[in-house]
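Listed next: structures, encoded as structure tokens.
You will see subunit A twice below: alongside subunit B first, and alongside subunit C after that.
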Partner chain A sequence: MAPAGRTLLIVALFICGYGIFASLYGARTGRWEWADSGRRAVYALALVTTIAWVILEAAFLRSDFSFNVVAAHSSTTTPTFYKLAAPWSSQEGSLLLWVWLMSLWSSLILFLTRARVREIAPYATAVLLGFAAFFTSLATFFANPFATSATAPAEGAGLDPLLLHPSMMIHPPMLYSGYTLMTIPFAFAIGALITGRLGSEWISVTRRFALAGWLFLGIGIVLGARWSYTELGWGGYWAWDPVENAALMPWLCITAFIHSIMIQEKRGMLKVWNASLVLATGILAILGTFLVRSGILDSIHAFGASTLGGPFLALIALMVAGSVGLVVSRRADLRSEHHLDSLLSREAVFLLQNLVLVALAFAVFWGTFFPLISEAVTGTKHSLGPPWYDRYTVPLALIVVLLSGVGPLIAWRRATPANLRRAFAAPLAVAAATAVVLLVATDAARRPLALTLFALAAFVLACVAQELWRGARARGAIAGEALPVALVALVRRNRRRYGGYLVHAGIAVLFVGVAASSSFQHVNQTSLRPGQTARVGSYTFRFDRPTVAVQAQKISLGAVMSVFEHGRRVQTLRTAREFYPDTTLGPFQAPISRFFTGEPETQVGLNAGLTRDMWAAVDVPLTPLQSALDFRDRQFQMALRELTTKRRLAAYIQARDVVVDSLAQRWAQHPWAADFRLIVSPLVTWIWIGGIIAAAGGLIALWPAPVAARRRATAAYRSRLGRELAESGA
Partner chain B sequence: MLIVVAVVVLVLTGPLRAARASRPAPDRPAGAEAADLEAARDAKYREIREAEMDYRTGKLSEDDWRAIDHDLRAEAIEILRRLDRVRDRAAAPRG
Partner chain C sequence: MDPSRKRAIRLTVALTAALLLASALIYTSFTAGRDELTAGQLLRLARPGRSYLLAGTVLNGSIRRQGDVTWFRVRDPKLSVSVPVRYTGIVPDPFAAGRGVVVAVQERAPGSPTFVGEQNSLTTKCPSKYQAASGAAS
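Moving on, here comes the complex of A and B:
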């Protein structure tokens, strides 16, 4: 099947090339059958890449180690659940996943718009196929997922243990879906700029795809944070790691775009800004992929440095140059049709919010690329850590949260001070009351920024609740509906608005979790023997007993801990350090210690609750075992060299396993001091809850209204306006 | 693999074969302008609805709402007029 996969990549390249030609030829000559043929090239690409993807997945499921990528990233003992995810743990599989997802989303948008934006679509098709050609070329010539070896190994290297987590099943596809969805508004913006068709239509057809990109990328970011918190053994969920930042930058820009296009749709304003923003988002999406795949910046996420940096840089340079050139050349057509009526207006709030979001994105960009900039200027790579990021992002994030409450309550075009007083009185009172309660009842005063965030979050939640209440009450009064019915009808009728409000509420809740857990966390890093205790905030952690588990794929040395509060046991935590075999060693090297020296992983002991999380991670040092390991290595190396028959090999393996097991059991029988990282963190769970609420809001905003309802709304207005037309003598 | 390639070729050449069967092409420039106006019209209807909702939820006084509503309706009427003109042009016999 590997030759079939390789052939399909070549076919995909030809399809991309043909589609680009056909689309551009059709657009330039007005022969629209060629443009339609170019659109169908995208459908054909989706078909071909789907088959290629199925071939790759089948190879993983079959553990076909003749495929190099399968041998390097899977094994016969990898659970089936993770075999399905293993393709995207590799460079090769990731590139194919990118093309596949891109072809699916592109097919969807082009199918949905086959009778619309007919002048723009061919250029957008060419751009999308250009991206597909780029990634397919990388997969074909640099990192081929269907590359094979003449001699297939009997066993694969297995999946990186860090990736054996449910979040990893969906985190990369979510991120890549986000990135690829963001190329769609980029492509249509390019088409609009080339053709000069800069009206509302290209925005209206791509808006949902921008929102979907926002949603998927946001889910991917939160899943990545969850994975970091539960898998990486440091107890945090966000480290301003370059690959984390790579996803955050386009997400911030697309958040700004989703808001500012409303201004363009309503008032014909911010056309240059929106065009620049969506183009920047597309560039950042490619840049994000580049950061992950090129290995150019040190990151615990990066899957190794590769030779892809050069091609990616060339593509990004082309995108930047082309985008700037097009926006500059069309600046006359991008003039605003109206101006800001009032600074007291939703337009003004959105504009301010856009500026803050872009400033946030720039701060993250600067911090991410500073190592490269410093290396270029000074010759030394200097990294910027979390304190630098916090200094700039925290104040900006506070402003974003504030504006997410103000925006929904302020009218379009103009609001009067009297209306503002009426609108904000209750939410401000709630915010003030929250601040007072926290000051009196907690120690929040020692963290003024966190306290400010809590008050702002209360403000936002009150604003959203007030909007829902007033909207439902107004609808109920007009339609004669009971309040709950009116509320549901209100949301159904205005999904974009109220879905957006729910997103604001979710983000506020998420930030509450972030502020509480980062500002009021208690951490203790200590060394404990069984029976010893450590204090973490108001809790006492006791190392009760060691645990040992020896399995074919790993050795787990762990600890059971009891947690006490005011002398009463409140929780039991189990944590372990898992040791995997070192697969890089030759057959005669370290026959015993190899089982302890592969890439270790931490199993975190976590008890999550609505008010606080208890978190424990153990690191069992192997120093006490070292002399025994060295001795056994020498012993078994000699035995290995004297093996002559298969029966003696079987006996050797049996003896080896007994020795490995006995060495591991020493941890249980005569435990030594182990290093523990112990954390008690308040309100972490609300980060995930906030993410879920925001995602639900995004889904509601994304969901199209029933066609019949749209037609009814349009027909009603047409008839009313038609009467007015007649009365005005038109 | 041959079947896949054959299907791909059929898919790609479908429109080209149909064009040889002389299907008339839509009026592209007028169609695009009409589409832009329809999108603008829909956005204007949304604005009118949102302005009323802003009034009913207390964000706008009645006077402000009536003024804004008047402006929005005038803008909507202008869009509808332009749309009608574009459609009339597209429907007019050529030559």
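Moving on, here comes the complex of A and C:
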């Protein structure tokens, strides 16, 4: 099947080439049948890449080790569930996933807009196919997922144990969906700039895709944080790692864009800003992929060691130059129709919120690239750690939370004192009451920034609750509906607005979790023997007994721990260090110790609750086993050399398994001191709950409106379009 | 006030704020950033008592555990030199031979060949990401 896969990639390249030509020719000559043919090329690309993806997945499911990528990233013992996810653990599979997802999303938007944005769509099609051609070229010429070996190994290296986590099944496709969806508004913005059709039309057709990109990328980021928390054995969920930052930057920009397009739709303002934001988002989405695939962050020179660095750099340079050139050349057409009437208006608040979000994105960008910048300027790399990021992101995040409460309530154009009183009196009272209660009842005073955030989150939640209450009450009074029915109907009829409110509530809740868990966390890193205890905050952790589990794929040496509060047992935690075989060793190297020296993985003992999480990770040092391992290695190396028959091989394997098992069992029979990392963190669960609330809000905002509401929206859109056309003299 | 003058003032204030923020960002990044050195640079430049971030790849076969102490060598990606590190603290799961790491280190003693890693400062690069071209020196 590999030749079929390689052929499909070549076919995909030809389709991209044809589609770009047909779209541009159709747009330049006005022969729309060519433009339609270009659009159909995208559908064909989706079909071809879907078949290619199915071939790759089938190779993983069949454990066809003649595929290099399967041999390097899977094995016969990899569970089926993870075999399905294994393609995107490789560079080659990731590139194909990029093209596949992009072709699907592009097909969807082009199908939905087939009768709209006639002039813009062909250029957007060409841009989208340009991206597809770029990634297909990489997958064809630099990192081919269908590359094969003449002699297939009997067994594969297996999936990296760290990726054996349910969220890894969803996290990469979510991130890649987010990245690919963000290229869609980028492509339509380019089309709008080329054609000069810079009204609300291109925004109207791509808004939902921008929102979907925001949603998918956001879910991907939260899932990544969850994976880090439960899988990586350090107890954190965010480390300002360049890979995390790569996803955060476009997410911040698209968040700003989703808000600022409302001002363009309502008042015809911020056209330059919106075009620039969406172009920046598209560039950052590609930059994100570049960051994690090129190796540039290892060193300014390292991207030369990667085959992908050069092509990515060329693409990004082209995108930046093209975007700047187009915006500058169209600056006269992008002039705002109205000006800001007052600083006390929704437009001003949205603008400020946009500036803060972009400042956040810039700070993250600077911190991520600073090692390269400093290396280029001073010749020595400088690294910036979490304290540097916190210095900028914490105050900016506080402002974002505050504005997410103010923005939805303040009046358009100009807010009057009466409007401000009516909108904010109750939420401000709730925020003040929250601050007072926390000051009196807890030790929150020792962390003023966290206290401020709790008060601001209370303010946002009160703002959202007040809006829902007022809206539902008014609707209930008019339609004679009960309050819960009126609330559901209210949200159903104005999904964008109320979905957005829910997102704001979710983000506020998420920030409460972040502030509490980072400010009031207790950590104890200690060495314990069975029966010994360690204090973590107001809890006592006791190492009760060791555990051992020997399986074909891994050896698990663990610990059962009891947690006490005021002398009363409140929880039992089970944590383990899992050792996978070292698959890089030759057949005669370390025949016994290889089972202990491969990739280790920590199984975290976690008890998550609404008020606090108890978290434990054990690291069992193998030093006490070392002399026994060395002795057995020598013994079995000699036995290996004497293997001549199949019967002897079977006896050897049996004896080897018995020895490995007995060595592992020593941990249970004569346990030695093990290293523990013990954490008690308040309100971590609210980070995930906040993420779920925000995702639910995003989904509500994304969901198509009922027919009647859509008709109203379309009528408003038509009237606005008519006005724009009349104003432009078309 | 004349609306155009008002707009000009607002623009000036916004640009000044942006400029101040950018200046603060640049200044603090140069003052708060820590030198990140390769093994070769560390051997040349290290001064006793000063802390450095050592970046490189873990040398194959160099990892050794003794109680809560982990010994390993960090290799220079460009030169064929490596430095030994004695480290205590959290060892992230992705830590393995051949993987990219960053660790804060100090010279153990003047002239000592071993560097002492600051507790819990070891970070490992994500294993699923960058792959160098075959034959590339990494």
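Before moving on, here are some points about what is shown:
We take it that the second predicted complex is superposed on the first by the 700 of 730 C-alpha atoms of A that agree within 3 Å, B and C clash if a C-alpha of one lies under 4 Å from a C-alpha of the other, contacts with A are read in each partner's own complex, and residues count from 1 in each chain.
We adopt the following convention: a residue touches a chain if its C-beta (ideal position, glycine included) is under 8 Å from a C-beta of that chain, and two chains touch if they have at least 3 such contacts.
The structure presented is a predicted model; accordingly, all values stated were derived computationally and were not measured.
By the touch criterion stated above, A:387 is placed in contact with subunit C alone, subunit B being left untouched.
Within the superposed three-chain model, A:421 lies out of touch with both subunit B and subunit C [touch as defined at top].
Of the two partner chains placed by superposition, only subunit B is touched by A:409; subunit C is not. Applying the stated contact rule after C-alpha superposition, one finds that A:331 touches neither subunit B nor subunit C.
In the superposition on chain A, A:243 makes contact with subunit C only, not with subunit B. When both complexes are overlaid on chain A, the residue A:30 reaches subunit B alone and has no touch with subunit C. Shared-chain residue A:7: touches subunit B; no touch with subunit C. On subunit A, the surface touched by subunit B in one complex and the surface touched by subunit C in the other have no residue in common.
Residues 89, 91, 143, 160, 162-163, 231-234, 239, 241, 243, 292-295, 298-299, 301-302, 305-307, 339-340, 343, 355, 359, 362-363, 366-367, 370-371, 374, 380-385, 387-388, 391-392, 525, 527, 599-602, 619, 621-623, 673, 675, 677 of subunit A are the ones that touch subunit C when the two sit in their complex.
Only residues 3, 7, 10, 14, 18, 21-22, 25-26, 28-30, 32-37, 41, 53, 55, 65-68, 77-78, 89-94, 96, 100, 102, 120, 123, 125-133, 136-138 of subunit C touch subunit A when the two sit together in their complex.
The residues of subunit A lying in touch with subunit B in their complex are 4, 7-8, 11, 15, 18-19, 22, 30-34, 36-37, 40-41, 43-44, 47-48, 51, 116-120, 197, 199-201, 203-204, 265-266, 409-416, 418-419, 422-423, 467, 470-471, 474, 477-478, 494, 497, 713-714, 717-718, 721-722, 724-725, 728, 730. Across the complex, subunit B meets subunit A through its residues 1, 4-5, 7-8, 11-16, 18-19, 25-26, 28-29, 31-32, 35-40, 42-43, 45-51, 53-54, 56-61, 64, 68, 73, 76-77, 80-81.
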